[in-house]
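Lettered A, B, C and D in written order, each chain numbered from 1.
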Amino acid sequence: MTAAPHPAPAARNARYLQIRAASRALAAPLSAEDCAIQSMPDASPVKWHLAHTTWFFETFVLVPHAKGYRAFDPAYRALFNSYYVAVGERHPRPERGMLSRPALEDILRYREHVDEAMGALFDQKDFSPEAKNLVELGLQHEQQHQELILTDVKHLFSRNPLRPAYLRQWPLTTIQARKPRWIGSQGGVAEIGHAGEGFAFDNELPRHRVWLEPFEIASHPVTHGDFLAFIDDGGYRRPELWLSAGWDTAQKEGWQAPLYWTQRDGAWTCFTLHGEAPIDPNTPICHVSFYEAEAYARWAGARLPSEAEWELAAQSHREKCAHDGNFVESGALHPLALRESPPDGQLAQAFGDVWEWTRSDYAPYPGFKPASGAVGEYNGKFMSGQYVLRGGSCATPGAHIRHTYRNFFAPHARWQFSGLRLARDA
Amino acid sequence: MTAAPHPAPAARNARYLQIRAASRALAAPLSAEDCAIQSMPDASPVKWHLAHTTWFFETFVLVPHAKGYRAFDPAYRALFNSYYVAVGERHPRPERGMLSRPALEDILRYREHVDEAMGALFDQKDFSPEAKNLVELGLQHEQQHQELILTDVKHLFSRNPLRPAYLRQWPLTTIQARKPRWIGSQGGVAEIGHAGEGFAFDNELPRHRVWLEPFEIASHPVTHGDFLAFIDDGGYRRPELWLSAGWDTAQKEGWQAPLYWTQRDGAWTCFTLHGEAPIDPNTPICHVSFYEAEAYARWAGARLPSEAEWELAAQSHREKCAHDGNFVESGALHPLALRESPPDGQLAQAFGDVWEWTRSDYAPYPGFKPASGAVGEYNGKFMSGQYVLRGGSCATPGAHIRHTYRNFFAPHARWQFSGLRLARDA
Amino acid sequence: MTAAPHPAPAARNARYLQIRAASRALAAPLSAEDCAIQSMPDASPVKWHLAHTTWFFETFVLVPHAKGYRAFDPAYRALFNSYYVAVGERHPRPERGMLSRPALEDILRYREHVDEAMGALFDQKDFSPEAKNLVELGLQHEQQHQELILTDVKHLFSRNPLRPAYLRQWPLTTIQARKPRWIGSQGGVAEIGHAGEGFAFDNELPRHRVWLEPFEIASHPVTHGDFLAFIDDGGYRRPELWLSAGWDTAQKEGWQAPLYWTQRDGAWTCFTLHGEAPIDPNTPICHVSFYEAEAYARWAGARLPSEAEWELAAQSHREKCAHDGNFVESGALHPLALRESPPDGQLAQAFGDVWEWTRSDYAPYPGFKPASGAVGEYNGKFMSGQYVLRGGSCATPGAHIRHTYRNFFAPHARWQFSGLRLARDA
Amino acid sequence: MTAAPHPAPAARNARYLQIRAASRALAAPLSAEDCAIQSMPDASPVKWHLAHTTWFFETFVLVPHAKGYRAFDPAYRALFNSYYVAVGERHPRPERGMLSRPALEDILRYREHVDEAMGALFDQKDFSPEAKNLVELGLQHEQQHQELILTDVKHLFSRNPLRPAYLRQWPLTTIQARKPRWIGSQGGVAEIGHAGEGFAFDNELPRHRVWLEPFEIASHPVTHGDFLAFIDDGGYRRPELWLSAGWDTAQKEGWQAPLYWTQRDGAWTCFTLHGEAPIDPNTPICHVSFYEAEAYARWAGARLPSEAEWELAAQSHREKCAHDGNFVESGALHPLALRESPPDGQLAQAFGDVWEWTRSDYAPYPGFKPASGAVGEYNGKFMSGQYVLRGGSCATPGAHIRHTYRNFFAPHARWQFSGLRLARDA
């Protein structure tokens, strides 16, 4: 991981507290019961997210760097370890939902205990650069779990016949979708990966050269309306449109539409964080797997972009886009249609709204080196069997995203806000 | 079901409220989180038990018999239906743990709503005998779920590495176990099944004749100490002691001891409702499956009794035994050793402490007729693939048990307080 | 097991060779490929049946009783052991279909090797009664596997889209079915179980008393035509007709008709050992599970008989019936309609045609003692989770059957020729 | 697919017959029983391979291009279709082992029938270029299945406790392994993919540019001896060496060594097509999954090469290497140690011996276009979830391999002759 420039103690603490408070705020509309349940092995209880992010600071920052730090509860070391083998024992992932104890209120006190100790640490003179980097990593890590709090609770609520809403402010503003244009690129030798001083994960490094053939990429992501046309054209019944593994998965799982869709009296609705809602055709499609995205692209006579193509296309206007995006801070918690399209040659909605599947498997960049120590398990060991997504979603904290940011999920995963943007050979 | 003699309105209401309050009291030491989680498909969340028993009165008593009754929430009709196909839709059993909503406090208000309506109904003049019988059935049903509240929360807590205690009052009094004697019976034509005016489930009827060969039955149940000798003698490693299906299950599940046992530094402990505890060799063994009970009996040169043998042996002193038993009201919530042995020819601990597996499959008695209406699904449809247990346990309400009472579980089930008593041919 | 009276050496050998030849004859229409494949874990390759029955004589008769006997191949000891733990290692049951080697011709030579050694043994002076009993057990065992050869190859062929016929002599004679009458019995104390000198398995012993309430039993088994009426009346779509475990199984497996039935253009056909054939409504129904039999009986306003009821009803005319039955020797290999009905008060088709499910779980008779030695694993260890069938089928050798004979299968099993006869309370 | 230059009719037929005969020869040591059994869903019976390759010519060449061609058996159209959805119905893959009929001899007659019709077609004047291309594709396809015949029968024999040998000519010559050297490459813009007139699959096209950072690649593949050191160093017990998905797979499957290895009295042996054999430390390692290859490389302080790196390194001496390789024609049917090492800068054993896992997921090359028609399903639809292997193995026909050839398997697959060669950043 590259280190961000380090702010002064007070600012450091303020930023720390702001990000920590954001996690707490996400849990505010939820009851202790909502926070305790695990709805599938891929998802975790909200309470676990609140504890695990705290465990990260305790384990990687406080225990090695804060003299005299007293662990809140020694049992938490194994209980809230996600997958860090080097740290020792781990409570098994599918068992996270068995933990009615510790109670949510115990976890909130755990958060306060750690936040206090972190405040004290920030004031220490000998706060080492290594510790600073681990704090930054912990904050980035916490932001990732903020997104998972929302996607996991959405999944839980979707399993409840009462169809509860996390937030109720529907209908969201409806805007007519713009027709996408093709934006061309000449290709050649390009550079991708993180550069400069800001924070980046180890998987965004090193910056390196790639060769790209000329290509075109769509100005806008695929919308719910586009995807309805795919369904209406028999998209889920035509094996020739699908990768073999995708077709097998779709048959086994009985997929007939994206996750959270229900057909009632011929009309499709979808479950949102605002409860059940009609499909808005103008908004970017979400909750599709890599397989569905790939099949859609074939049906549309196009393909998914590679992650290098996506990064190159987003690079020139990365600052502006990232500011305008529909991130978690907008409160929409659902992809939106765009009020105004960007100037020619720029991608609309590249950042926020929905993660965009690319055709690139999640693999190490040439020269990749995992971070040293236990945090080296953060990214590298997951580099097989997954595909890269880019750009962040309506559940991502805006400050968390970069144009070099690589998210990754298994090709069948659908519970994230995952959509797509088309590309084609020039 | 046979009808109990019907008490006057006030008494009726008092009895109703007393049993309903007992359920509520069992949940008192638990948090909303404890009550929301389902630890395995066989178990249900405590909240679900509290709701489903209430649903029973609402669906089978109030809706058909209380004029103008307004349902607390129409969605509950499907949500808290366990398996009554005739009532309509059912929320799937393994999904009961997905219901973070309705909240525990909603369920407690649901209980109050129904209890009020029931109180009003009791005062009605035209309270029909049919309604009275359904009320009694509902109360018996509620008592069954009281036991399940305890066994299900015990299972949940056992999955938590923190090993929480439901109640902490260990150590329980330790008493030296008595050596069991054999009690003989001449057999011949005997009668089993319910007779008389008191309540009984339809599966205890009709009273009928059976032929029994001469047999002997043990005065005391098998103890933890006895079972340790079986383990020490390689009981879990000797296929010749087991039924074939039992051995296959034991291998697949990796059984090396009863459920909830852990070996630490060579010594066995077990998880109880008081937390982790040492094994007390003097107390009746519990948390063994039919398969383990059957293998133990073969190892001991004996066999399990048939349910008819058990009932015949318990018949003569059924009143006395049932009074003395270690039921849920004792607060021990764990089997205990007996202070004094009963007179010669009487069974010790036949009632309470642990359910005793019999060698009888759960089948209809000759002439069995399921109750009419939806409550006919109560017992009859489960009459395959299960074995009968007798006598109640330390988690059963004492007033719920009769010597003709037939409990039943699958032969691999271990999470009930299930033990055994030996028998042999005379 | 009780011993049959022992014939003289020559007769003994003749009987031995006749039964052994019958197994060989069953394999005659099959290729080596047909004999090698295992179509499901419950079924075994024909080659395995031919080898295992031979292994039985080698292991239990020749090795302990024939001086100087040289094993055909020492590897066969584990390879063809079915489930005798006391004999040592066993090749896992689901792997029986991996054995392309030894070749079918090797197994046929193995049979000759063992048959020669057995012939020599029969001539020995000191041929002990114990050995004689084991020979008889081996022959009874071989007859059981003769039936399995047919049911297992039927299952294999049913999985082949070419729908090959084992034998082609369709159509079988069609005869109008007779309407069944109810045959009454007064019940009381009755005796069941084997008596006398002939051979019986240990599970038919000891003969013992039971009490029976008055009952009626149908003169004829349920026919294909009867069962079609059940299907047409929604039998497979009405959960109220089914045991809970039966309904769950039917849903999970997608049962809509008995095994081997296919609907083509609205008409049902079934796969037989003669290939695909139309349903003949006059013939006894077969290939139904216990669950389907039990649901049919409920739909018909009746119930399944207990095994004691069946045995009592069949007892008086057991000799005559057993002679007339449609057993494997008839060559029909399918249940047939009856040419003439028996006199009043006698069961038609009690023996042969189809095995008849009873309501009795497969349990030890009072006083049951398994045979001593490894053959004690023959029956006793399977006494849980199965139901008793009576009377033999069109695939059973006629000489193998007795009115006290207890067959047993899991309640979901359908690949045997299993049907039913109704009973009801008087 | 690019077309090979088309030879004259007689030569065409000779080449066709030679390749077809090679398949037949591979089945010669096998019995009909050996050819009928499917040992796991990934593998197919040899009989099926013999039929399916014939089906390919019948379906894609004879039916559309040979006037008046009469199908050998219309049922084979579905029976031996592997995965061509466009061709219609398919017999399910895991059911291939149910086909005791058609018999092996029927399939051999099917082969003759098709070969005759192909011979007649070759003589036709109007034999179109399209047909010629499909013939070539069919021959390449047949060569692929020749390799699978060997790997699938090896798997079948490994499941048989008798450990049969396909061929018995052990010991193979033992030669001392050479220590590998690192061969450097400067990287930069390189070209990979097929060029020129010879045949290539569509997945090798189009030839295109890639950017490579400087790298080094090992002169020799990793040997059995190297891999033993990894095992001895706890390689299978150290999660930090593994990808997360690899570690999970290894735990679930209980991997402790490559496939086919057995430890007896402390020494490792492996099952080969010559039967059980001691490990020869000098020969290239095989039967490792991508996960094991990747973990080994990390343990060795190196990494797997990308497929572009491999192709670039093999490019300069591709002709020579391919001639010298240990392919199926050598008859060794097992990887061998190299007699002499190649000149500096050249890869040893790049072709033949073992397929070499690369770090590249199997993805479409930029500009990839699947072949048109049903044969477009040949490659493209499998481009997810698999990794690329290069160079062919001791079971591959030598004439089948090119330096641009892309084989692909799932990361957990081990039943191919799959090994690895190390690479590292320069």
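Couple of notes before you dig in:
To be clear about the criterion, a residue touches a chain if its C-beta (ideal position, glycine included) is under 8 Å from a C-beta of that chain, and two chains touch if they have at least 3 such contacts.
Small disclaimer: the values here were computed from a predicted structure and weren't measured.
Path length between chain A and chain C in the chain contact graph, taken as the least number of steps between touching chains: 2. With centres defined by CA atoms alone, the chain at the far end from chain A is C.
Between chain A and chain B the centroid-to-centroid distance comes to 47 Å (mean Cα coordinates, whole Å). Separating the CA-averaged centres of chain A and chain D is a span of 38 Å. Per the contact rule defined earlier, chains pair up in contact as A-B, A-D, B-C, C-D.
Residue ranges of chain C in contact with chain D, taken from their complex: 31-37, 39, 75, 78-79, 91, 95, 97-104, 156, 159-162, 164. Chain D contributes residues 83, 85-86, 189, 208-213, 239-240, 242-247, 290-291, 294, 359-361, 363-364, 366-367, 377, 381-385, 411, 425 to its touches with chain A in the complex.
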